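Okay, structure first, notes after.
Chains here go by letter, A, B, C, D, E and F, matching the order in which they are written, and residues are numbered from 1 within each.
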Amino acid sequence: MFFHRQELQHRAKPDKPDAVYARKLQEVLGGQYGEITVAMQYGFQSWNAHLPGKYRDLLYGIGAEEMGHVEMLATMISQLLGDAPVGAVEGAVQDDPTVAAIIGGTDPQQAIVAGAGARPVDSNGNPWTAGYVTASGNMLADFTANANAEMQGRLQVARLYHMTDDAGVRDLLAFLLARDTMHQNQWIAAAQELRDEGVEDLPVPSTFPQGKEHTESSYQYINFSDGQHASEGRWASGPTPDGKSEFEYVDTPPPGEPMPAPTTPDPRFHGTTGKPGAFEKAAGAVKDALHRE
Amino acid sequence: MFFHRQELQHRAKPDKPDAVYARKLQEVLGGQYGEITVAMQYGFQSWNAHLPGKYRDLLYGIGAEEMGHVEMLATMISQLLGDAPVGAVEGAVQDDPTVAAIIGGTDPQQAIVAGAGARPVDSNGNPWTAGYVTASGNMLADFTANANAEMQGRLQVARLYHMTDDAGVRDLLAFLLARDTMHQNQWIAAAQELRDEGVEDLPVPSTFPQGKEHTESSYQYINFSDGQHASEGRWASGPTPDGKSEFEYVDTPPPGEPMPAPTTPDPRFHGTTGKPGAFEKAAGAVKDALHRE
Amino acid sequence: MFFHRQELQHRAKPDKPDAVYARKLQEVLGGQYGEITVAMQYGFQSWNAHLPGKYRDLLYGIGAEEMGHVEMLATMISQLLGDAPVGAVEGAVQDDPTVAAIIGGTDPQQAIVAGAGARPVDSNGNPWTAGYVTASGNMLADFTANANAEMQGRLQVARLYHMTDDAGVRDLLAFLLARDTMHQNQWIAAAQELRDEGVEDLPVPSTFPQGKEHTESSYQYINFSDGQHASEGRWASGPTPDGKSEFEYVDTPPPGEPMPAPTTPDPRFHGTTGKPGAFEKAAGAVKDALHRE
Amino acid sequence: MFFHRQELQHRAKPDKPDAVYARKLQEVLGGQYGEITVAMQYGFQSWNAHLPGKYRDLLYGIGAEEMGHVEMLATMISQLLGDAPVGAVEGAVQDDPTVAAIIGGTDPQQAIVAGAGARPVDSNGNPWTAGYVTASGNMLADFTANANAEMQGRLQVARLYHMTDDAGVRDLLAFLLARDTMHQNQWIAAAQELRDEGVEDLPVPSTFPQGKEHTESSYQYINFSDGQHASEGRWASGPTPDGKSEFEYVDTPPPGEPMPAPTTPDPRFHGTTGKPGAFEKAAGAVKDALHRE
Amino acid sequence: MFFHRQELQHRAKPDKPDAVYARKLQEVLGGQYGEITVAMQYGFQSWNAHLPGKYRDLLYGIGAEEMGHVEMLATMISQLLGDAPVGAVEGAVQDDPTVAAIIGGTDPQQAIVAGAGARPVDSNGNPWTAGYVTASGNMLADFTANANAEMQGRLQVARLYHMTDDAGVRDLLAFLLARDTMHQNQWIAAAQELRDEGVEDLPVPSTFPQGKEHTESSYQYINFSDGQHASEGRWASGPTPDGKSEFEYVDTPPPGEPMPAPTTPDPRFHGTTGKPGAFEKAAGAVKDALHRE
Amino acid sequence: MFFHRQELQHRAKPDKPDAVYARKLQEVLGGQYGEITVAMQYGFQSWNAHLPGKYRDLLYGIGAEEMGHVEMLATMISQLLGDAPVGAVEGAVQDDPTVAAIIGGTDPQQAIVAGAGARPVDSNGNPWTAGYVTASGNMLADFTANANAEMQGRLQVARLYHMTDDAGVRDLLAFLLARDTMHQNQWIAAAQELRDEGVEDLPVPSTFPQGKEHTESSYQYINFSDGQHASEGRWASGPTPDGKSEFEYVDTPPPGEPMPAPTTPDPRFHGTTGKPGAFEKAAGAVKDALHRE
């Protein structure tokens, strides 16, 4: 169950409205790595969790915080749009180039659809989609996904920090940067703890018996480009992070396998299957099939 | 530039066709973590790379391999559909329940749209979308995204391994499992190397001056659920993975900030802004505005 | 701010697992009118509300309840998948047609992607999209949208009720049916109250001066089909619900306006603009334009 | 069957071209509540109607009108783009800030993809999707959806009216505003008639026996936020709109139910199911399963 | 303007309901090449046409017919669902494997969402999207798109013809096959007429001065794969269809150009730009930039 | 298998950065007819090909070239963004209107998400989707789709050519124009060769026995609009391109068929099926059904 309190975790008030920035800020609300994504992602991971206890409590605890971040950003965007201009008169543009920037840089749907309000979309107006969510039931995979989400998220907030000099906006972003710092550290720590406790390990999923895979290729870097420098990385030699082998560098991909013969599906799929002559055969086969029915 | 050779990296031929499995296998071809995703993801990361040398060579080298995996899976699916039934006759279902399973379990678009061929979609027929791709320009973030993609990918291949007993299919999956083992290890190693070389560090992006964030919240676990076990994890106390602080556990979220006053946008947005009386005022303001023009 | 409590508003446990039904139930979790839609819709309406007080409190109060419904349904789906079969062996299908139904009727992504877990998608596997959300800033419009959402939602739950005879599942659905009964009534009452208090009225938006619209067409039913029975409805005669006029029935649409002359854009758009002769002219104009640069 | 006449229901010609406005106008053509939505929605509702006569005739009659509105708006947009600039030269921007506004505010796809033409997208360029359509087979639910669509539509047209001062554009919008006035009234009247005639009633679907739902929760407002004002609304006390009960206000949600125990799916899903020790067990179980095959 | 008549162009009544086939038939209603696509495509091409007369009349004349096809297919699907089963009882499956096929093979949304009705989606339930539509303003390009659409459409209808033996369904498909035969021929004829009249020509757009393109590559087949047979086709030698040159076969792609040096964007984008040492420089630059503000 | 070489087929370096143009160029990278589309389209056509030899070799040979075009365009966009501004300071806009144009005209996600990099999206930021891909298994249909794709692609590149005067950009576009010239010619030639060799013919699919279609409608132009000029085209009289008949012009559509009676699905779908009285009957039927269980 979720309960709502009419407060914000942090102040969400700009010093002054800025409709152009209100569009940009949509990215971290409704974008691929926006707050809706992490709120839903941690939610579905918790609801699908098979393991009660500290890991699931962690997901619950953070998931609800992220829903509050959704609210903070929506509130901030709404405040940034408080004085959004309704339209544009040509004269105004002539007098003040800033108006031109506003016309071009704002999200028309924040005006036309939401009446100067926040929307569940990214900075290009793409609606948020659940295709962004990851919840696989395997915690080491998912915590790695979470660490990535918090890295991408903090990176975007940092970029947005440089795109405004409004102290009120920056104050909120500074708070979000801090929380993303925590959440990056936390997921990395949690992923490590899964390994330390032997609950899961590399390679994911560690419960699949590795002997069943083609182990001769399991630790080879195979170079399908003509760059030579990949051989210099630690992924080209030395022990592997899963602690199970040594990396090997293969500069030239070994010869491949011949392709299997193309299929010849039922002629009633009307695919192009034939050489001269085969065509009549296919047409005849279809005719026969229809006749038989 | 890309060059194609009419060979496959590994054999892609099932022992016998299986139209139901052909649908399932679409997931690792055209799904969120399918081969199209990683091929495109490593491609865009390489094309946007700002740093020539081993990291970019790594991206190029793997990206082209993944394009070959797209081809192998499309080929395998096409082979699995080689004898796909065109339709269904009621009598056949009565005689053989397997027919019923095939009717229900196949992807109708593989038949109707592709004529017994592979499609760039997932196992539910959702078209692949570039919304799955991550390429931020920050390599530590992106290599973490890549590690996650290979974990989710290997997990899905492992699940698919158990969903068939066709030796030909399993042979290809065993190869893909091995490559995913390598790729998981490789991205983790590459991410670590970025840190070891001081090219990037935690928290991402490390070039943002941490003093600008609200540091009092940077390492606090704040519990927004009522579970008590999150305090037991290593994310609740002890040193943080970025090596910069200690985790702190906060069981009760501190009081929040009051919400800012709602905005009152231009009445020409026709939002519901008023209490009784305010309504007439808004209508009047719109009328006046229209009159003035 | 949102807080989570590790309880459910109602029991969410089936009497026994049912992987086919788990797919169907996705509709009211992640479909167009599923619980994610209403949770997000009431959220964005509240965050964009310009009017503090009872209407916004209503949105906050219900929005958090709906997040809890998201959790209940995800939990139920996860329980229904508790014993989901991994794959299918041909022999089993032969022995038991039920297995065939399960193969065909289950969502492969619940297995391959979520490892027997719930997903933020509908019953055909389409990811939830924020394109479903309505939050316009005008409360009479939005509360009507909400009434519709609760009607469609209750309708779908009722249909799903008939698709199972599992007492545990039905128990949860019976609870959701009751809540949808309340929410239908509530939004209709709230919409009426907006009108009674003079905060908003029909036609929406009532703050637009109706004298500016083409009032001669404001209350006419114009029949663009050849059915004759539409004239029998109360929308064809008598007073209009907004209390401002009488309906009029127009059986034959009045003659239209001639279409404006087609445009002839800049030849550098290379549109097909010409009759014989015009083609050379267009090509010449492009050449000239390029020459001038 | 549909027949086309080369006339428009209303004049669709701007006084002068305006490429920036041409983008904004896309919203009511190809957006969530644009004319394509209502044309398709009324179409599918009519084709799925189970009840011949006045209600279906109404749907047919309006559906064809809306297809004509699609055409009018596409024509207007095309006219607005008649002189759309091909590109931009830096010098021109320096001389005239209006050019800057045009560069920023136009839809690049109207130029690059359609060659100065209208597109089936919204004002942010999102392609129209049938995910916007509602056609449930239940007319009271669907007519409520229609009333909402016409409200949102009229609201957006009103906002667009204020964003231009072109008399030709406003003339068309004034016509659309009038038709939306009619259509709001009409769907509300039709919904009421369904109830008056006893064809359908609240709560939707009224054919579901209400005794089967958990009636103790059917008319309770349960407050999941900490606002106190929701108790003041007519949804908190007094008779319910369905005429079947009285509203009740519940300030504190009753205690919930404990969550069911997490599931432990087949180990071959490789979910994280275990505490220390359980991991080896899972890996062993997978190995055994593979061995047995 | 569009007018509707309550008749169908052809009979749309199956001999008996078939809920599994009702799902498959969705493909040619709401799929990539379904009737909604061509109706909208011809509509937008006509509304954007710059050239009045026979070509535009052709688009208008066919566009309205296709809207009627949308209606016929929706009607047929609705009829096929007339007796759709609500749910499934386990006993029934045991007794009759056909029930199992129905469970697995039907579209759950036709039942849950539309109440046994047609939907604007394809056979996998993907909502129709305007991303399928082509309307470029160039008629030779667009008529080629139309020819393709009618080919893909007729191909899918032919496949669907073989997937049923219901005489009523086949009767409608036989009519659609005939219309697609006409429409293929018609668009090919219209494309040819554009060329014959000199209104447009190959290569599209013919108004672009070909001298501006890199003509040395304009008629070369360059072989980026290792197959040798492409040299045998008429695209490898002999006159080109545009009548302007001769094909040339290039077996080995000429050496390429070196890649440009990677970019080094503003450090405030926090991209990974540096080698050791550069990292500190970037962090310093960000700090300086923030300090200066 | 695919191999990558660190070279570009053509130089991809602008004379100077241009962030506004970088957004526009996205169209031919990640749009409906961008390079990702053709690369994937030719790929899937080759992997699903049933006919080895010159046609499949053609698909392989071109497919790999197009992947290289994806890379060239991504590289060019990245270069164009090399000096992209991070944000905007109001003072700068006042001094230089060009800044206003840049603010409005750039893609915010190229900055916020990709850190001044290319993205797999179109010029409005819509992610590329596999819904753009055509691969039916029938080569005559697919080669026509390919001819169209190359026409639309060349048209868009030509438009983009006029939208910049940067010599470096134009140099790359001039190369792409040339390749599109080749590819248009090539697919037209290949389509013709299929017919000449008797492998496939018009109407597609030619293996369907035309006698089964309603031949009386197979070559009729039926005019559903009131324009008279369509009768003047070569699609209205004379021999048909498939060489099998003569066109016929039908000015007035023949009378249609009556619509079938509406369906009356199981009352448990709760559709609106009844006239007064029928409602009680439906509710009773539902009650009975629930009672019986």
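To be clear about the criterion, a residue touches a chain if its C-beta (ideal position, glycine included) is under 8 Å from a C-beta of that chain, and two chains touch if they have at least 3 such contacts.
If you want to know which protein each chain is, UniProt gives these names: A, B, C, D, E, F = Mn-containing catalase.
Note that the structure is predicted; figures quoted are calculated from it, not measured.
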> Both subunit B and subunit E are touched by which chains?
Replying inline: A, C, D, F
>> For subunit B and subunit F, which third chains touch each of them?
In response: A, C, D, E
> Quick one: subunit A and subunit E, Cα centre-to-centre, how many Å?
Replying inline: 27
>> Distance between subunit C and subunit D based on Cα centroids, please, to the nearest Å.
In response: 6
> Roughly how many whole angstrom separate the Cα centroids of subunit B and subunit C?
Replying inline: 26
> Do you know which subunit D residues sit against two or more other chains?
Replying inline: 1-9, 32, 53, 55-56, 60-61, 63-65, 68, 75, 78, 86, 96-97, 100-101, 103-105, 111, 113, 115-117, 121, 124-127, 129, 131, 136-138, 140, 155, 158-159, 162, 165, 205, 208, 212, 224-225, 227, 253, 256, 262-265, 268-271, 286, 290
>> Give the list of subunit D residues in touch with subunit C in this complex.
In response: 5-13, 32, 53-58, 60-65, 68, 75, 78-79, 81-86, 111, 115-117, 126, 129, 131-132, 134, 136, 138, 140-141, 144-145, 147-148, 151-152, 154-155, 158, 161, 174-175, 177-182, 184-190, 192-193, 196, 202-205, 208, 210, 212-225, 227-235, 240-242, 247, 253, 255-260, 262-266, 268-271
> Mind pulling up the subunit D residues that touch subunit E in the complex?
Replying inline: 1-9, 30, 36, 40, 43-44, 47-48, 60-61, 63-65, 67-68, 70-71, 74-75, 78, 113-121, 127-131, 133, 135-138
> What residues of subunit A sit close enough to touch subunit D in their complex?
Replying inline: 1-6, 49-53, 55-56, 86-90, 93-94, 96-97, 99-101, 103-105, 107-109, 111-113, 115, 121, 124-127, 136-140, 194, 197-200, 205-209, 212
> Of all residues in subunit E, which touch subunit A in the complex?
Replying inline: 155, 158-159, 162, 165, 268-270, 286, 289-290, 293
>> List the residues on subunit B that touch subunit C in their complex, please.
In response: 20, 23-24, 27, 31-32, 96-98, 100-101, 103-105, 122-126, 155-156, 159-160, 162-165, 224-227, 253, 256, 261-265, 267, 269-276, 278-280, 282-283, 286-287, 290
